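You will see chain A twice below: alongside chain B first, and alongside chain C after that.
After this line comes the complex of A and B, so read on.
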């Protein structure tokens, strides 16, 4: 029950696909064709027919998935069979062609089929691993409440910054304008830009600027030096540093602490949301390859069959 | 002296539906009559108390209208206009501003004295004064201020004001909710809860208070109203309220007092109208032809316990017929006869009704009026000897009275004369579903040809709980059935060695007491003395133990199950704590008597003891597994246990494809009835927002057309044809899974043209609704009753993440899955 479609009905479809592949191998080994093994022998035709039927049936999954009325077998069962029979195709189709590859439509059909299956293997991998990662990443929260929290943080941080002074206010405004969900991924360019914004604001405040370099806690500098820092952490540290520099001499420690907490929390939320959408994309992108490839494979299959019988 | 007194054959007091209809019939027949109305306009209740434009319904729909005065469903204004026309047309002799003071004399020569000093003589008097009576005033200084009102005409006309409502009943709540849309509203509640109001209203007002849409002063007693400064800038008045925290001053523009109506008992007592008891809510005693205990004085309409307009009008017509000496059958005669004429050997309605009252102990105390209503809604059904009436796991969706013949409960699906388990001949089937939301525990088989009277739940519940004595009988019956079912469910029926008769548990059932508890109350504590066991009638109980200073829930007990039995069998102190998770009704069973009863059945006794051992073992296994106890705790806290069939998504394998929602929309006219993303989560268990098919469905509590019912398999269904779209179920559902939709017909869907050309709609695409005036109906999960393959959401989940089932089964499933995971 646990591993979704993998062990459905006690690995029934793995067994079926295994038997099918095993039988093909045994026949292939025992078979003594006239000439080299190829699709032209009786076994070649048999394996070819089986493989073609499986391919059509696999493609039918796209139709079955969208039929919701009075379905006999659950989609879960269908997916299990889809995965294992799809994999068995690697064996059956390869034996069907007798390892004869060339620069022709037949090999194109084969390659498209293999690509489709490989993209499917990615899908299986993502389906099996990503959901658990999604849960782990969210851990007790969900994207919607994170988004709400982001909005709250922005609002509270802004009003807090407003109480401190206009430059701090400006930094927070800048971060609100530049740090939001759909721009959760950042580059070194963003960090440099932030640094220049900070420097500009500091330059307005001559006195602070003079003190800023000494007053910056050493740990920050040290951390900034460390190459192991991710770009997000770097950005966060840079932002914190600017805020500290700007408000060091005009703010009680707990207010500053609060502000820094907000900055940290916001970056954490963004990281989580970023990861969430990355995982969700992983669950979808492979299909962008799998579906067109499968259609191409089916079309090339038809061409393959027509050419074989035509010539 | 009497020479200048007006003389009439009939004097009718009150020009509401009943009185007006009586006067109309009298006028039509040319009977000398007078209709006395206390106010200046007809039908004070509808004219004055109904909000403008209120929709007046003509329930019960199938009942014919028998009146000389017309009445059709429509707005308050249309109804009143029709009556006004009929008064002119029929030349009804009506006297306005004629307030009744007293009635003297006897039948044939009553002397009616009015407040104005006028006197009227009449041979008979028809009292149709309704129950609205005089409204209750507060009697505090400043109440005469013009900003004080006792009703609300049209909430939509009042905007941006601060309005204060006084009262905690239905009308106060309805006004507050209507006004809060455009105004700031404060409600003053004399007590600390709203439970006097209908469930729908009380939950709506509590929600509004919680969302800070309405402010509430609890335990507040208005003390005075002080006029404001009178300029445009300040408030019109100040209301001083005494509250537990001291005097509160509320600045307000308008005060609406909804403190209810004064009972008219004093007036009626002075008129010599007899009552069954001293209860202020009691209705007068009424004999044949609506005659009260004072000869010649008749009572009809709401005062006769008949609050529906159409029925009241029928009574008005009939009372004149009776006064004229014609004994006509009630208006529903045909409807009742239609049902009863199916009975073998049918003679007449009257005889059959009397036979039912005489033969069925349960119905002997039901009034004729109620019995007729009961029969009207029912159907007669026949079963042959050996027919299976119910299967294990079935839910009854109606109650059935056994009119003749008898039934057995058995573990077999066929009739066997040697069946060893016997249901008591209680003549009522389905009570356990009606009152406890429980399914059948065995097969019910006809042991001879039987005749059943099947009645839908709505009507049955209303009538069977209207009379105190019937309620008691049914309670006993239900208790005995629940005990019996719990006992025989301790082991498979075919392993029971003894002959067991439900009646063996009659004494035990009689000795029980019921206990109503609020959510979160402790029933018993760990290590306390154990002298009784409990059966859950409604609600849920959590059994927990204190482990390492933390209270850990070990078991959840649902309706129909018992708990606290282990200690009785082992003669020990309480091994765990029991507390309620929500409002719960318990049946308390004496421990000693229970032991004495089950000792008669060795196999049951042994099974119960084995069960206890298993439970103990299980509990220790759970203790060793902290996570599983956390899952249990989540099930407990999220109220999943309220449901009989819950949709859960296993997020550790959900790929978020939304095929569940698409499947739901595609199979339900383009509107998905589930929301995958919404809902509570714990670890990887996510309760999707979808109907849980509760044991006690909130949606069902207040459905005017009775359109929501429990299906045979336990699912709760809304009948789209009879749903009137009132939205009560939407408000009453605590899980917010019922919605009102006016879906446009779904476009036909072609997978080929969508896939190949991108034409037409996508599969599972939701239908929008554009017409705001279109009729809306309530929809929610119907468990895909029409699909042989079961719920489409579950069936369409590619990874098997979506599962539906009873909370206990799901709990087991997730425990198994988490064990698997640890193993792998």
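After this line comes the complex of A and C, so read on.
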């Protein structure tokens, strides 16, 4: 879907809806009903009938869009009319009720209708803005290949971490979420988790850097001077430190850097996926309100009509 | 605690092969290191991955030993209670918890990932793990729509329907603080608030809505209580089609607001018939009215009463411009012009030169409603000046004011003691001049008292005739003399129309900023039969705006003989009024407050 439903047939339906609304306003101003303006006068009945017919027709859009065979009007034409007539309903229905609101089923029907229209306005806004943002975010790639790339990075990073040490391995293991492939939505929680992994890796790198630059004998002496610990005890401490240092691969710093690069790339992927799913959600979420609200509005419209005429 | 680790190998083509190992120790450790109880190879497993233990309540706990957590039933946890049927994933291996075998506290079934996927049905992993992981399962648009449909049906149709039959529920809903709850009461279906006049039947919908559904309110619903509402037409004289008569609902709108229960500011309902009244009733004598007062109201017609003599007055409608016919014979001789003369009228007791100026209000006073003038009474308004003296020789004696037969018996009584034939001296001219007031006292000198055969009765009659014809009576009243017999003579009782425009509502009180003479030009009226009232032109000077609606002057329910349903009007019942009075003040206040707060 693109902008074409806005200016379809040179704004034909905007004009039609505008004329309809304008006519209603003029009649409303000229009309002098019995009692206050309401749905009970001839104009009230007329506006109410028009509004009810429009509502039912608008709801029929849900049926029409599931029919794929060629009908007289294209789906795009239908959508254009759907949008503009839906907006004109705000004017017509408000004039129909003559600004009378109370805690009753009639006002409930009106409020549900207004909520439906407002959710529809959100829908129009998202359909006009979101597709361009989606394309801009992906920049030539697509969510599937991004997810594939995430899996590849995980495997490479895990084997790299395995070569470094168990602590790093554990951190990377923690960073792997088995659900990336299947998860519908990548949330910012996932991104934050990955960032904490990156931070952990950084701190590990700094610790190891500091250790390798430390000159053991000097600090040993210094600590010996300052400390009240027994020499045996200190020796044991320092020895374990040296042993850890020895077990550390010389290349571990480079490997850690590599790992950090991977984590960065992963974070970028996740951010893109997060944005992607957020955009796609925007395209879907408004419908979660629009459709149930519109059906509830139709139901309360029927109750409104029946109760008004029943009594 | 006894553990059993069972290696399951599922291949659809082969028999299951098992490799079991049992332990009897406090904890079960899982990881990549060789010192673990269950060693899982694979780069996805931490060296010390997790440990399973049992607490005092004999519940099994699993605790992660690495920061990566454990995948239990599809969600990552650091620590959890596990039970039979749970699936734990470590690296490429599924671990299924089984506590069913009584020989062991825990049987851990180890299944390879590939084999698990192959034998997915048999393992029933699908329900536990894969269903939760299926993408897009959160979007349940259709289900949500059904919920919305059902919810609105229940809230705004079913609950109000139920509360019709459960008054306590309805009471609770109606008085709720929350608008949404109030919107689910029966009153939620009502199109507007009931007016305060009908508040007692506000909750009894079928008091008015008694007809078939979708039908308008029948008039008989209103007539149940309002039994004595006057009709618009005289049903004896005017037979219109029943369908042409407006229903109550046409003018009385309920469920809007108090002030619309009587539509007094609209002409449409009137003009609907009166624009072509002959079409409604072909013998109609009234003219058509197409628009409001100023534009198309026909010239006024005055109701002139005549035939007072017969004691059965006849009322004729005379166009106000028809000056020849516009005379009202009241039986009184009176000149407004003389009474309102700028020279004044003589004071009764004073000297001949003393006069006083009369104003309209000297005699005419408004009644308590401010609508009409109080009736003129002889004793109150005339007698001070107009004494009913009759005999020059006894100026202090007055005739009784009343019927003619009273006069005769009075005269007989008066002259009984008077010596017959006594000639009384004629009062000289000088004394006469003291009594310049109207009403002549008769000189007895005019009668022949010497006549031999004249009896007292005859004498009284002759005196009476004189008083009638030339004395005080005929001065102001017209006298009816059918024959020479004095006993049959009558004074015509003066009768006046209370109003010449009986079909219009008028209040003198509302118009008292105007001079009386601006509408009643009596300063030039010499005869009492003048109809001193102005026509439409005089009213239009002020009543020219659109506000001058039909009901400003006219009343719909104006026919005094029939009720709205065509029955003869019985003496007014006060039932409905009493019903209204029963409304306690605070009851009404509470109701209006309730309406306002909504």
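The criterion applied here is as follows: the second predicted complex is superposed on the first by the 229 of 311 C-alpha atoms of A that agree within 3 Å, B and C clash if a C-alpha of one lies under 4 Å from a C-alpha of the other, contacts with A are read in each partner's own complex, and residues count from 1 in each chain.
We take it that a residue touches a chain if its C-beta (ideal position, glycine included) is under 8 Å from a C-beta of that chain, and two chains touch if they have at least 3 such contacts.
None of the values given here were measured: they were computed from a predicted structure.
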Chain B versus chain C as contact partner of A:254, first or second or both or neither: neither
Partner touching more residues of chain A, whether chain B or chain C: C
Partner chain(s) touched by A:74 [first = chain B, second = chain C, both, neither]: first
Which of chain B and chain C A:170 touches, first, second, both or neither: second
Contacts of A:127 with chain B and chain C, given as first, second, both or neither: first
Residues of chain A contacting chain B in one complex and chain C in the other: none
Touching residues on chain A, where the partner in the complex is chain C: 34-36, 38-40, 100, 102-108, 112, 158-159, 162, 166, 169-171, 173-179, 182-184, 284, 287-288, 291-293, 295-296, 299-300, 303, 307-311
Partner chain A, residues of chain C touching it in the complex: 43-47, 66-69, 71, 74, 76, 89, 133-139, 141, 144-145, 147-149, 151-153, 156-157, 160, 179-180, 182-183, 187-193, 205, 209, 213-214, 253, 256-257, 260, 263, 266, 268, 598
Chain A partner contacts - residues on chain B that touch it in the complex: 651-657, 659, 662-663, 666-667, 677, 681, 683-684, 751, 755, 763-764, 787-789, 792, 794-801, 813, 816-817, 820-821, 824
Chain B partner contacts - residues on chain A that touch it in the complex: 1-5, 8, 62-63, 65-72, 74-76, 78-79, 126-127, 130-132, 134-135, 140, 142, 144, 280, 283
